[in-house]
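Scroll down for the structure; my scribbles are underneath it.
Note that the chains take the letters A, B and C in the order they are written out, and that residue 1 is the start of every chain.
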Amino acid sequence: MSLLAKGILKGMAVTAKNFFQSYYRKERLPTVQYPEEKSTITPFTRNFPFLLYDGDDAVDGMRCTACTLCERACPPQCIYIIKDKDEKGKPILRPRIFDIDTSVCMSCQLCVEVCPYEAIRMDSAFELSNENRFEGLLINRGDLLKSNDYYHALNPVEARETDDRIAAKNALAEAKKKARQKKTRLAAAKAKRPPSRLKKSPPAREKPPQPEKSE
Amino acid sequence: MSPVQTMPPRGYHLSKDELGADILEVAMGPHHPSTHGVFRMDLKLDGETVVDLKPVFGYLHRNHEKIAEDISYPMSMPFTDRLDYLCGMTNNWAYALSAEKLIEIEVPERAEYLRVIVGELTRLVNHCLLIGFFINDLGALGTPLLYALREREKILDLFEVLSGARMMVNYIRFGGVRCDLPEGWLGECQRIVDAFPAFLDEYETLLTENEIIIARAQNVGVVTREEAIDFSLTGPMLRASGVNYDIRKVDRYGIYDRFDFKIPIGGHGDCYDRFMVRMLEMRESVKILKQAIRDLPDGNIMGKAPKIFRPAPGEAYGRIEAPKGELGFYLISDGTPIPYRFKVRPPSFVNLTALRHMCLGHKVADAVIILGSIDIVLGEVDR
Amino acid sequence: MNNFFDLKLVELGRWIEAFFADFPSLKLVVHLLLCTLPLALSFMGAFAFTTWLERKGLARIQNRPGPNRVGIFGLLQPIADGIKMLIKEDIVPERSDKLFHFLAPIMLMIPALIGVGFLPLGDGLHALPLDSAIIFFFAISSLNTIAVFMAGWSSRNKYSLLGGMRAVAQMISYEIPLVLSAVAVIMIAGSLNAQEVVASQQISSWVGSGNILQEFFGRILGWNVFKPWGFAGFIFFFVAALAEANRSPFDLPEADSEIIAGHLTEYSGFKYAIFFMGEYISAFAIAGIGVTLFLGGWNGPVFSGLPWFVLKLFSLFAVMIWIRGTLPRLRVDQLMGYAWKFLFPLAILNIFLAGFYHFIERQWGTAIAMLAGWILGFGALQLAATALSRLNQSPIMRSKRVYQLVE
């Protein structure tokens, strides 16, 4: 064939097929018309971190303990944490300031991975545009805090796993605490009383254990 | 209206070569539709023929290597996504491989399989996109490119479900992968992989026999076997020149020795061969994917990685066959959690060095498609 | 009944002119306006519609929905584009040749509009009914080469210059096969008058016969494209017309992946819009001449006249869009080689074939001529094409490459 180029005609057949199929096959017209429709966001989509709190009060229920592990692990260094203090200047285990810069964050999820308190998670909300490109893009503690219910709505599977993990951890901590209490009490009792009298007395209820002093 | 100007306008350097012909210097880029990013080619043209070419890059330099020498090992992982931003998974993999060499972590079998699956999916993404762009450089009005994007989208959706992001995946970790497959993922992946050959057939009917593509791409930008080795080209470019060298076969890193696949080799080393080799490679990738999905074992996805990554003093070089060629990471540890030296061996940067050699004597239009056939991503070239 | 639309339109014109019957000089002005204004306006409207059609068609070919925001199906998109172009800043490069930079789009627009004047849109609908219309058309349409080169040169941009030079080389080269393939038609029709060329494309013994079937087919089967030399000529003409109109796969002067936008690189705002419109209207003009010469002009069954012409014009344009959505573009040297080493000799051969066909038809009748033409004539063309491809080492002749798969 030389008058009519076969390869070209074959190609034209392919484009013609695509032209017609785009009218009746969804697969051939995959465009999502954005403002009206939105493409389905999977629960796993990560875009920007948020902080979790338990219960109703965002500040009291905050899981974050301001340990700054995430601040140090963030590759572009976009987390900024200042620890909280009460009126007397004694440190409280929570951040007074917790800022994340949206324009710097690269959605890498490393902060989530390092956090030992399951306090920070990735949100899949993606419409983060803002009119103010300075303050507007620096998200502060108040806006970062989301309830655990929000997390459950976002990613039920992972949220449940997290809750289980926290429960297990709490149970473990409780058990450890009890064991330690028991041990300290035992030790305290040992120090105070002769061993023969130990069997008779139940653990002392009135005195809270003070391990430091008992040593 | 201005009178006739006597001075040549700024930017016109009309010089004479020995033959007395006028030479036109054109700075193609950094803003040009087909330089694939911010890249500049300083061309010297005699008519439309390229008599000299100087590639200029560095516009997208982001200091990746130096930043990595300032932060701990795991913190560099998300940055590697941004090297060759089309192939986040393989970049992660290469880096993880080097770090695993440095500290000798055993990777569980399931994680190895998952790495192969995502790595080969990445190869599909990269190749079909590259071919789309290549045909675009040839002057097609985006049709093949949009077909490629249509298919790529499905794979990116898979990545999104798996890793949370479509391109900046940050999925592979030292000693394994970050998370296990969500429910239903494997079935969806199987479906997409099974449907992929149909797309490849359509693509081949559209492109491979097209007389214009044959006329434009064959015998253009030839690199012979010896030259390819001398330029230390890797990946599809090297194989298009007829060298049987694929790191998946040479190093058999990961578990590539378990799969049955072949390496397509070209005979001419021109643009058309580079395009066809990629086309055929996609079919082989589909083969690997099918086997990997079939054989995927149960088990752990993370090996015993230390909590704080602090390798003993020493060095390691890990390399993989990224879709574009040999991607290697060279790490030197001085015993601290921060690498002493962090060096990337990007395939497209090394492959780009052959550009001038390939373009000389061809037309301007050829220079564009030769650049397209190299498959560069400026994020990786400039780092 | 047959030429209903055309007759009504002509009547309308007469009716309007009749108002000015008492003022002969005024009547002439009105007559001229009636001949030109509706033509120019309708082709501008067609241009707007075509941009929409092209964007929509290309989008569907590429599996996209295409423009769908302004108006239903995005039909008002051309208006929105026009407004956008109007209010855009008109940037003129500081060191450009401002006079020629300004003149180039106008230079392109004028021959394009004159060109459409030569088209026989319908029976009696003819703005410039010259006896040598076809020759005149080719003469006028080659003027836009100058406009493109003016744009390329005056912009003082290297890409523009390259684009302008490409345009000159390309348009001049393709003019020759374009005209040569038209020569065959002119030769057979025996007239340079466009109306007569159209009239020659019906089987006259059938058309007047009163038999419905003969009436129907007499207006189709007479088209030149159904004759062997006409078919080949149409292909050559179409290919050359694509190149003349700077359309894919011959859009080298504005090859966006190589030289940004060629001669259009430094144009913006309304001048760009005019340039764009000029190119489309010249494409219309050349497609219209193709319709006139090969596709039977306004001939067609049931209702001859304007509707058929419009339909054919847009179908031809749809094919152009389809080609644009499929093919990559040729390289500059291949483009020139194709014109001179392939199309040119074949077009000349085709003229001889047309003469040969005409001779046989006169001697032994249409049936034998058709048979001989399709078999012998086409065989000869095919043979020549193969020989030429071989001679030029055309890529079509290359053997298929085989790739090794190794371990």
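Annotations for the structure displayed:
Note that in this section a residue touches a chain if its C-beta (ideal position, glycine included) is under 8 Å from a C-beta of that chain, and two chains touch if they have at least 3 such contacts.
Not measured: the values here are computed from a predicted model.
Chain centroids computed from C-alpha atoms place B closest to the centre of all protein C-alpha atoms shown. Per-pair tallies of C-beta contacts place B-C first.
Most remote chain with respect to chain B, judged by CA-atom centres, is C. Put simply, the C-alpha centre of chain B and that of chain C have 43 angstrom between them. Separating the centre of chain A from that of chain C, both taken as means of CA atoms, is a distance of 64 Å.
Distance between chain A and chain B, defined via averaged C-alpha coordinates, is recorded as 34 Å.
For chain C, residues that reach two or more other chains under the stated contact definition are 61-64, 325-327, 394, 396. In chain A, the residues touching two or more other chains are 5, 8, 11, 14-15, 18, 28, 30.
Within chain B, the positions touching two or more other chains are listed as 143, 147, 150, 206, 210-214.
Within the complex formed with chain A, the chain C residues making contact are 57, 60-65, 68, 232, 235, 322-323, 325-327, 381-382, 385-386, 388-389, 394, 396-397.
If you check the complex, the residues on chain C that touch chain B are 58, 61-64, 95, 97-99, 102, 156, 158-159, 161-162, 166, 248-249, 251-252, 255-260, 324-334, 394-396, 398, 401, 403-407. Against chain A, the residues of chain B that register as touching in their complex are 71-72, 74-79, 81-82, 143, 147, 150, 153, 160-165, 168, 170, 178, 182, 202, 205-214.
Across the complex, chain B meets chain C through its residues 1-2, 4-5, 9-12, 24, 26, 32-34, 45, 48, 135-143, 146-147, 150, 206, 210-216, 218, 244, 249, 262-268, 272-273, 276-277, 280, 284, 363-366, 368. Taken in their complex, chain A has these residues touching chain B: 5-8, 10-11, 13-15, 18, 28, 30, 42, 44-46, 73, 75, 106-110, 113, 122, 157.
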